[in-house]
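Both of the next two complexes hold subunit A, though its partner changes from subunit B to subunit C.
Moving on, here comes the complex of A and B:
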């Protein structure tokens, strides 16, 4: 059953690519909570459409539903690459409402946020299976990248044969260590950036056009 | 006397389909089977048991209005005390609960010597009318197979329900409201998408497109 399902998914994915080559690629922005995914999505969307994707926050799991910004046209080297950006909730293996209590959120609201965040992770994993053509994997470069979640997600993305770019975010912070991320996933290209400050965004757009155009 | 309910001891005629949906009298789902060759000895054992249960458990009999009328008329087993109990083999196993076997798993049912009525009961599909007749038997609170948890606080608690759901859905483990453990691989592998977690631990899922008619 699993084999047949996988085969069907593969065929669907291949045919989708064959018959919709001109459609915008749907690029999922994945990563652990608080890596700066929404900040990056907003940066890209604002740079090319003038709109934002969603609210940014230092509170983890602020994004609890996948948000999509369609038809983002990125111009590089005289040509245009059109993508749909999907900002996803941070992926984690544990969600605890007590985490929210540290951010002056009352318990009832914290429990609700926790439930929504869990739903969001489930949704993000489902999108990864069904609905994305490529992945931008965002990591906080001040944090250790050798985690179960990162290893598992990168493994899933590789098993799907999806094009993936790893963004080492928050290079503006002390303690940023881009090399550690590059060493953790040497099979993929790592692009340093600060989505908050807009640092190195030219290279970011070059790579997006190269990988997903 | 091939079958007898182990709860109320109602006897079913050879080939009867009544018991396929549980005993119509008490709702019991276990029956003991006695092939023809063992009828004599079984009758003696059963007679002993009938006498014992009836004597020691009068409130149960009295509390079951259907049994007092139906069981007497439907029970063709001679219940007189003249049964030759002394001729039955004094098997301790035969008197124990170990003798009680599920009808479905009874190897004797597949005996090539089974008669047409037995074969018919095993092969035929019960009709709607027959189902309706036995679809609402009296409940016995001590029969776990028939006991439906009431929707009250006295029912198995929310913790039990949560535990049960966790066993069924390994993708999200609810430790307590607001605390969750997620199995990312399971979530990824699921065809259906969990779109909502309910307070009581239930899930709302969105089925995959492939399951829909227009897919």
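Moving on, here comes the complex of A and C:
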């Protein structure tokens, strides 16, 4: 990239963000499958709008389309932050329909789900490159965070210069290890929570307001 | 891409393509992704000397997803050394969007390659035949 072209692109990006500051920021909820993205999206949406975003499930790839909840108004310290939440399908580099068979799903349905899941991941990647203003990256804190998908996605988010918060979810489970996530991504702030139980949501909303307000 | 002069004569082996940074540099973004996925879909292990940019990685995931087909292609396994440069990029590098992406990358069919161990300096993988 030439020096001038690079500088011009950077300035365009900065001015785009400055002049659109009054619109609600679109915050993408990203992460691997089964990290609790939809549970978090539903928790935030229910807390501030009364509605849910989509169905939650233990079956991976339950969310196979990006779903947006608009104008979620979060009140913090007397002021209001308005965001659009985009709940995205879990990102992976592989989908095998046979994995769905293990969840008592018949073959025809498993094939359909796997096809929808692949479309959903492609859609999530597209949103990330084009359509979000900030990212909440959700990880299951009982799982090893040093995976290739996490490394690549955090790299992609950083290359877009998007503000990012890392949420260490499922702190209510045995084996939750928040420090391991903090150590894996020391360049970003990690916030522990249980979206299912609603634990530590005050800090979650403080950070959302701080980063995306 | 021009393919090797010799072609495999039996099914006993796994083909490994080691692609230099110079070779990749000649290609446009989509050509790189096609080169990788065409190889992987034939059951080859593709090793990139200098890896892909974050944007190219994003497109690789997207195109891989569009090509997954039941009982035929389950997607890819990809491993790189963790990106350690990002946190240390200078302000000017960040402003200019400059990335240090020179990191060895291994890509293979998801059903044929399994990562055994990975850390900052070592990737150990088990490769099986189709």
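Things to note:
Note that in this section the second predicted complex is superposed on the first by the 197 of 213 C-alpha atoms of A that agree within 3 Å, B and C clash if a C-alpha of one lies under 4 Å from a C-alpha of the other, contacts with A are read in each partner's own complex, and residues count from 1 in each chain.
The rule is short, and it goes like this: a residue touches a chain if its C-beta (ideal position, glycine included) is under 8 Å from a C-beta of that chain, and two chains touch if they have at least 3 such contacts.
Just so you know, these numbers come straight off a predicted model, no measurement behind them.
With the C-alpha superposition on subunit A as described, subunit C and subunit B clash in the combined arrangement. Applying the stated contact rule after C-alpha superposition, one finds that A:209 touches neither subunit B nor subunit C. Applying the stated contact rule after C-alpha superposition, one finds that A:201 touches neither subunit B nor subunit C.
In the superposed model, A:186 makes contact with subunit C only, not with subunit B. Once the two complexes are overlaid on the shared chain, A:161 sits against subunit C while remaining clear of subunit B.
When the two complexes are overlaid on their common chain A, residue A:59 makes contact with neither subunit B nor subunit C. Contacts of A:97 after superposition on the shared chain: both subunit B and subunit C are touched. Between subunit B and subunit C, the overlap after aligning on chain A sits in one stretch of 60-68, 78-86, 132-140 or 186-194, namely 186-194.
Residues 91-97, 111, 114-115, 118-119, 121-122, 125-126, 128-129, 152, 156 of subunit A lie at the contact with subunit B in one complex and at the contact with subunit C in the other. Looking at the complex, you find that subunit C touches subunit A at residues 53-55, 57-59, 61-62, 64-66, 68, 70, 74-80, 82-83, 86-87, 94-99, 110-111, 115, 118. By the touch criterion stated above, subunit A contacts subunit B in their complex at residues 2, 5, 8, 91-98, 107, 110-111, 114-115, 118-119, 121-123, 125-126, 128-129, 149, 152-153, 156. By the touch criterion given at the top, residues 171-172, 177-185, 187-191, 193-197, 210 of subunit B touch subunit A in their complex. Per the touch definition, subunit A reaches subunit C in the complex via residues 1, 3, 6-7, 9-10, 91-97, 111, 114-115, 118-119, 121-122, 125-126, 128-129, 146, 148, 151-152, 155-156, 158-161, 186-187.
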